[in-house]
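Encoded as structure tokens, here's the structure I'll be asking about.
Letters A, B and C mark the chains in the order given here, with residues in each chain numbered from 1 onward.
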């Protein structure tokens, strides 16, 4: 963390040294406390790393032709709704032009609720501040407000493609069984709305599902149900802690499905820290893997700022570059008096985007403010996530 | 400035939660069910404004009624247990309420959207304030009217015979009973008033966050409900307010300049506060 | 029927971990008449500290990790005493309730900072052993946990009834003032109680880590709740009661899960608990009622 603080202070010091240099503030926020701390730490590192790259290249071009450096300020919201709301109000009170965050869907949902629902609706006193989410992934959140945008993977497309690929790759497999972490908004929605439906669409027979809770420790009964179903494919829609618990119980009871599918968020280091041996062979669709030169470079730069590159933190990285592009195309002024006008320009610019350049390919954007990102399939092999297939 | 108004809203809501535990603590009962009453109030007010289209004020009245009625119903069986047993019994009840909302679906179509609570996914778009064009400071004033009302009520209790009776039961039940105080009436009434205050607080909370889900009303919230009056001290209602400002204003928001240390200091400073002021910020070292 | 028996057996066996954590809660309550809310967190903290053994000595056998957790638990137990109880007057039960809640949050956050919140793989013994009889099966590693809780109970009872420390502890728990008049050093006995329960907690944390297979800060809150529930069901201060209650809670939980599903499981557990406490306020093994 000290290095980041150091980097920021250097950036600020440089700003002071060259008085003609302006700065554009982008606020980051997310969880840096509690069990999801690693997400916040990685996002912050990716934001600072991306800003560093842009600043080294001169910075952002403003309306009057001058250049401004990007400064990142990161706030911890503890994955708590009330604190998230306080944080966004605090950010809106500074001269930050846009915010990137949050980590948790249970923060994103209330937070988008306090934003103005429709732009230019004078009867709605909601906050007018653009938020460009990198991590919170629960299906269908950006439509809550026209000030909310997301650059998170579209699970619908990803699992559709994954099950289709499995269908062609393993024609002998017929049945799918689900394991769902029932009390967490994201994992729950991913099974019931996404996986179950997409598996059926690819011609698999969904033979049932079993449920557990986020902090559960005993999976004996659930895994017995799973064993009875004896499905060819087991899809686990759960976060790493309970996913590992269930996988370990599966190993104990000798449940060995032919293919194991996991939740997008599990394709991080967490699962491998918790249970690399039992997760061996698990296939997960993800929107990031170091498959080309720029992706490798982004991962390396982020590592220099003590952050790991995964589908979530690299979305934060992409967001900074997308925002730079929007700021330049919308010709923001960057002057202290124009903060609200610049925020509006950024919002309009984000709303206008039809496509954006991502690290592993072109992302399509829709009218609701959601992204349809390129993706690939990774598989856990000997304690690492290896690229299994690139469908694009 | 909006940030401070927003923070004041949050402090107001938490003060109501703390006050609801304060009056129950005066009778010597430690209740972890307050988060449950808070949840009932939140869902009741949210459903009335969003689904039934009520104005917020009558909806909050309904929250108070629901919270109070439920607390009254819990008060009777809970009378049978004391001390740690009561802590766990009320914890079980509060968790039961939370888990009820985890399983609670009630949606109606409104335009093209379906609105209302859906079990684990929560209840979204409780936007009474922004939809009616209320500014942040107006919402703050609105919330603080209720906080001031609740504080005035409890302050008045403290001055009256009723307050003396509450404290007498809290100090020594046996002695209180032997001078003819009706323990049942005292304990159940304190619980009911507490439940009603928690209900109002919950109703305001739902409109503050615009989205509620079962996980927001967990044991941690129940623990904070009793933490505020304990950290603040039971000598007066101002203690609870001070403790909420200490926790939400200083530990959560005020220490942001400490960066990563903020989270570590949160628990550490609570430990320190209890070591320095065992009877609370406003308490004298007389008794608990 | 087999499903039912299997669910009972799975649940009761896993209940051994609840029993182990419940013993510590009940012991502190028995001696000091205080709740130590930080107990489960300190136990998990001890289990995490045990992982340091693997850092120093890669490939160390699991029992060495458990030993590390056991010792670290003792140190943490003493720290909890020093920070949350020593300076706070005994007549102030609410203050120690809050100080230990603060400690719980602190320990949680320290774990989060050291591990970035990521779940950690935990070594286990006998985790590949499955006892089978046809369709019916039992986990070998949980039988070990069960054996450990029974041994811990025997050890504690021996300590309480066969040693002079135990005599002093019981004296303090019954009549602190009289015990002090007899020359028993109250502070020392209280501190030692915390060290002993801490050692036990570290072991419990390690056993839980081993039987879950993964450690996460997510464990602390549910374990705290389970520990408290087990303590009150068993009867405050009763060690055999805590063990029986742990197994009962585990069994009930799993049977309800089988018949009512996971979303309603805890709802029924909580309602049953509420009913149990209001109808039998003393718990299974109610202590002789006396004036506190």
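Basically, contacts are C-beta pairs under 8 Å (C-beta built on N, C-alpha and C of every residue); 3 or more make two chains touch, one makes a residue touch a chain.
Note that this is a predicted model, so its numbers are computed, not measured.
**Q** So what shape is it, when you link every pair of chains that touch: line, ring, star, complete or other?
**A** Complete.
**Q** Could you quickly compare A-C and B-C and let me know which has more C-beta contacts?
**A** Between A-C and B-C, the larger count of C-beta pairs in contact belongs to B-C.
**Q** Measure off the straight-line distance from the CA centroid of chain A to the CA centroid of chain B, and report it in whole Å.
**A** 34
**Q** Whole-Å distance, chain A centre to chain C centre, using C-alpha means?
**A** Computed from C-alpha means, the inter-chain centre distance equals 37 Å.
**Q** So, what's the distance in Å between the C-alpha centres of chain C and chain B?
**A** 30
**Q** I need the residues of chain A touching at least two other chains; which ones are they?
**A** 33, 182-183
**Q** Counting only residues that touch at least two other chains, what does the list for chain C look like?
**A** Expected reply: 108-109, 112-113, 221, 263, 266.
**Q** At least two partner chains per residue is the criterion; list those residues in chain B.
**A** 102, 120, 260, 263
**Q** Please give the residue numbers of chain C that touch chain B in the complex, ascending.
**A** Checking each residue of chain C against chain B gives 29, 35, 83-84, 87-89, 91-99, 101-110, 112-113, 221, 225, 228-229, 231-232, 236, 263-264, 266-267, 270-271, 273-274, 277-279, 281-283, 292.
**Q** Spell out the residues on chain B that touch chain A in their complex, using ranges where they run on.
**A** 1-3, 6-7, 10, 102, 120-122, 124-127, 129-136, 208-211, 213-216, 252-253, 256, 259-260, 262-263
**Q** Quick one: which bits of chain B touch chain C in the complex? Just the residue numbers, please.
**A** My answer: residues 25, 30, 77-78, 80-85, 87-89, 91-93, 95-96, 99-100, 102-103, 119-120, 218-220, 223, 226-227, 230-231, 260, 263-264, 266-271, 273-275, 278-279, 285, 287-288.
**Q** Per the contact definition, I'd like the list of chain A residues that touch chain B in the complex.
**A** 1, 5, 32-33, 75-76, 78, 81-83, 85-86, 89-90, 92-93, 106, 109-110, 113-114, 116-117, 122-127, 144, 182-185, 188-189
**Q** Using the touch definition up top, name the residues of chain C that touch chain A in the complex.
**A** 6-7, 10-11, 14, 17, 108-109, 112-113, 116-121, 127-128, 130, 137, 139, 208, 211-214, 216-219, 221-222, 250, 253-254, 257-258, 261-263, 266
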